[in-house]
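Down below are the structures I want you to see.
You will see subunit A twice below: alongside subunit B first, and alongside subunit C after that.
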Partner chain A sequence: MVRNLKLFWAFFSNSLTRDMEFKANFIGMLFVDSVYYGSHFLFFSVIFNYVDSLLEFTKDDVTLFLIITFMMDTVYMLLIAENLGKLNRMIVKGDLDFVLMKPVNSQFFSSFRYVNSYAVVSIIMLSGLLGYANHLMGRAILLQNVLFFGYSFMLGLCIFYSVDFIIASLAFWFRDFSMSGWFSHEIMKFSMRPDTIYSGFLRKTLFTIIPMALVSSVPARIFIYGPDIRYLLLQTIVTICFLIAVRIVWIRGLARYESASS
Partner chain B sequence: MNMVNRFTAKYSAVIRMTWIQALEYKANSLVGTFAIISGVFIEYLLWKRIFLTRGVSVINGFTFGDLMVYIFLSLVVGQLKSSWITSLEMITAIREGELNKYLIRPISFFTYHFMLFIGYNSLFYLVYFFMIAGMIIFFPGWAFPSLLNIAGFLGTLIISVYLSYSVYFVMVCFAFWFGEVRALIIAYNLANMVLSGQMVPLRFFPDSVLKILRFTPLPYLVDLPVSIATGNLPVERWWTESLHSLFWSVAMTFIGLVVYREGIQRYEGFGG
Partner chain C sequence: MAIQVNQLTKKFRIFKREAGLQGALRSFLHRQYEDFYALRDINLEIQSGEVLGILGENGAGKTTLIKLLVGLLHPTSGRVLIDGFTPWERKNDFLRNISIVMGQKNQLWWDIPAAESFLLNQKIYGIEDKQFRKTLDELVDLLDISSKLNTQVRRLSLGERMKMEIIAALLHRPKIVLLDEPTIGLDVVSQSKIRDFVKFYNEKRGTTILLTSHYMTDIQALCKRVFVIHKGRALYDGNFDILVNRVNPSKKLTFEFPEHPSAATIQKLENNFALRIEDRFLTAQLPDAELNELLVQLFNLHKPKSFSLEELPVEETMKAFFADPEKFV
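For the complex of A and B:
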């Protein structure tokens, strides 16, 4: 664990050095993030011109939900997104050989090698925005809400990672699955709407088998309404199941890997 | 006439070539279809909740069914006109010197990539044609009230695809000055999803936003073809709106060519 943390720090330092060589790109990505946040806020502001609430989620709640969704997405961009984007190419071209030869856990290396350092700035801005929005809404930030929110957020991130990683790993079976990122993005869209719009069988599915509602909606609920033991327990169980599934998929995938170009 | 024939032969060969490549990646169209269906489904759930909460059957002139048809067609048009992947390839060509091969051959950088874009998208055109045809057959009367609407939709869709490509081309040309403009393309693409009416009809937007949008080509990319298809735009306004979209197409083509000519003077052709 400590070794992996040290290794991750080395990855981060290396990525930061690389990113600083392309400062315009660094600033450009911050601009992209701002446009992304702005367009979603505009979309929901249009929606809330026609309705006061989406069941228990009021306009203020949805604003906080959106900020938490952006934070989740940005932390994911920081730590994992770039790596999984490269996984298909590594499998197809056989570059995964170089990862497998290293004396390090191959799943860890494939998942965390490249860090999008610009995202640190976005995360700081979003955290400030979350606190400020909460303050403007006249809500007190309780320590226990923040602590449980942190825990739930971490679980949401693990679920996000698991689903994306399993989809990216399908390249082991399909030989070339270049549209995995697009497919994954389409699945993740379900996590970008408040869970109150889902009902019946779909709601149960999004809380269990395809747990998109557990990615951002549950952390947002805990931040807004306080800890709920049922949601936290469910999130914990689903996360454990998915992390085990990820490990199984990776090991079985490696067994099928043919080292294409060698 | 000879020139026209040569032009057609040259660039139709590009389309044929990319059409064959596109057929090798049939799964792309499956993911594209999933994107449309899941996109409509999420908006269906969201708007169903809104209609239920408000207890109304019409919002801003749209019934729930009208709105779903609008969003479905918007997502289809939005995907067909979006050439951001081609644009990223063009930026790479400028940055890494691959543009050299267009300079020494009798081929236009603009037209060649436009044909590539059409060719790559050809499989989507086919799949989405069947999706729209299915919608007309299974849900008659929801869209395309007459043959005229089909013709109007197809005409404005063609203009939309060209206009969208021209806008992307202008942004691509900034790579001659700044090298890395991928962020600009991605940001435009993200903003476009909301501002062109791809997620919610433009008439739902506040007046202050609409006033600004009217001075941009954005309303002609998605909202115009879809409004014609759904019969939301009176026939007497079709010509005016189509002329506006044609004006923007000519303007963006002209701006693109001017920026390209200026940019090519600065091009250093490293690599290639």
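For the complex of A and C:
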């Protein structure tokens, strides 16, 4: 664990060095993120022009939900997105060779090698925004809620990672699975809406088999309404199941890895 | 013993389809696969500190063998033991002692200087600062590349990039290094520098080196022993010079007469040997025994103004070998 943390710090420093080489990209990504977040705020603002709430989620709740969703997205961009975005091509082109040759857990290496350091700035801004929005809404910040929120946020991130990782790893079986990025993106969209808008079979699916409702909605619920043991328990069980699935998929995938001819 | 390979076989399942739209449609509806044996029943033993050349035409199975040895691929059957480790289990202790350089793939990050990637490798392999600095300085000096350490990899020439790749692969002082076409695409000067370095490094550190190269001069300069693979099967395992001699036992003689030889002399020589005489120069390409006989006759006839005996270019010899390898072994 300590070694992996040290390694992660080395990956981060190395990635920061790379990102600093391209100043325009660094600033440009902050701008793109702002536009992306703004469009989501606008979308829900339009909806709240016609309705007062989305079941128990009021306009204020949805605002907090969106900030938490963006935080999740940004933390994901910071730590994982670039790695899994490349994984499919690495498997197909045989570029996984150098990952597998290193004396480091190959799943850890493939998942965290590239860090999008620009996202640190976005995370700081979004954390400030969450605190400020909460303050404007006159809500008290309870330590207990913050702790449970942190735990739930971490589980949400693990689920987000697991689903994306499993989809990217399908390239081991399907060789050229270039639509994996698009496929992931479409699934991830379910996590960008409050769970209250889903009902029936779709809702059950999003809390279990494709657990996108557990990514942002549950952490947001805990931040807004306080800890709910049912949600936390479900999120914990689903996370464990998915992390085990990821491990199995990776090990079986590696056994099928064909590298590529020179 | 550093490496022991027993009955190693690797089979790939290849998706087969006919050409054209109709073939594409047919294969979309009904996929057909066929088995392709990249390697079959390979047995090989390599001693610590040995330099082994792995030869074969394109698609013979050289790279597959290398990838099985470093654990990138799982075999279909067979066993490989490298210093007691099974490569595809990829134990960290095994990975710390092995390294690979692939002439056609980069491990260095394109957009940042190689020095940054070396620092990252230091952390990955857990190399102590002092040892890291010492090894890096030594490798940089030997490869004469210190001025380029802080240049972005994308701005380096192919030769400079290959030197950096080699440094990245050797920083952790592996006991076994696999070089898969490390001189591919390099100019002759760079090829020669890399060859000299590999030779020196093997002698100094006693590192076991496995080399594949399509440049026979690389093999000739570095490997006493070669392992030839043909269509996935082992075809020859032994001394390279013996193989070369078996393929082409001839040497080239150039003999300069002090004055133009008489027509009778020319006639006599041409009747007994396959040779060519132009002006005062006689050239012949003959096996050792015939060549000795010719030389005796020539020296009896004339004192030469000059003469030379040359080995035939190894590239040409091996080209003849690969045209029909089974004929020679």
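Note that in this section the second predicted complex is superposed on the first by the 261 of 262 C-alpha atoms of A that agree within 3 Å, B and C clash if a C-alpha of one lies under 4 Å from a C-alpha of the other, contacts with A are read in each partner's own complex, and residues count from 1 in each chain.
FYI, contacts are C-beta pairs under 8 Å (C-beta built on N, C-alpha and C of every residue); 3 or more make two chains touch, one makes a residue touch a chain.
Because the structure is predicted, anything quoted here is derived from the model rather than measured.
In the superposition on chain A, A:A255 makes contact with subunit C only, while subunit B stays out of contact range.
Applying the stated contact rule after C-alpha superposition, one finds that A:F11 touches subunit C and leaves subunit B untouched. Measured by the number of subunit A residues touched, the leading partner among subunit B and subunit C is B.
After overlaying the two complexes on the shared chain, residue contacts for A:L233 are found with neither subunit B nor subunit C. When the two structures are aligned on the shared chain, A:Y198 is found in touch with subunit B, with no touch to subunit C. In the superposition on chain A, A:L142 makes contact with neither subunit B nor subunit C. Contact with both subunit B and subunit C is seen for A:F22 once the two complexes are overlaid on the shared chain. By the touch criterion stated above, A:V32 is placed in contact with subunit B alone, subunit C being left untouched.
The residues of subunit A shared by its contacts with subunit B and with subunit C are 22. Against subunit A, in their complex, subunit C makes its touches with residues 12, 59, 63, 67, 70-74, 90, 92-93, 95-96, 98-100, 102-105, 107, 109, 111-112, 116-117, 119-120, 123-126, 152, 180-181. On the subunit B side of its complex with subunit A, the touching residues are 25, 27-28, 31, 34-35, 38-39, 42, 45-46, 48-50, 53-54, 59-60, 178-184, 186-187, 190-191, 193-195, 199-200, 204-206, 209.
In the complex of the two chains, the subunit A residues touching subunit B come out as 22, 24-25, 28-29, 31-32, 35-36, 38-40, 42-43, 46-47, 49-55, 174, 177-179, 182-183, 186-187, 189-190, 193, 196-198, 202. Within the complex, the subunit A residues that touch subunit C are 3, 6-7, 10-11, 14, 17-18, 21-22, 94-95, 97-98, 100-104, 106, 255, 257-259, 261-262.
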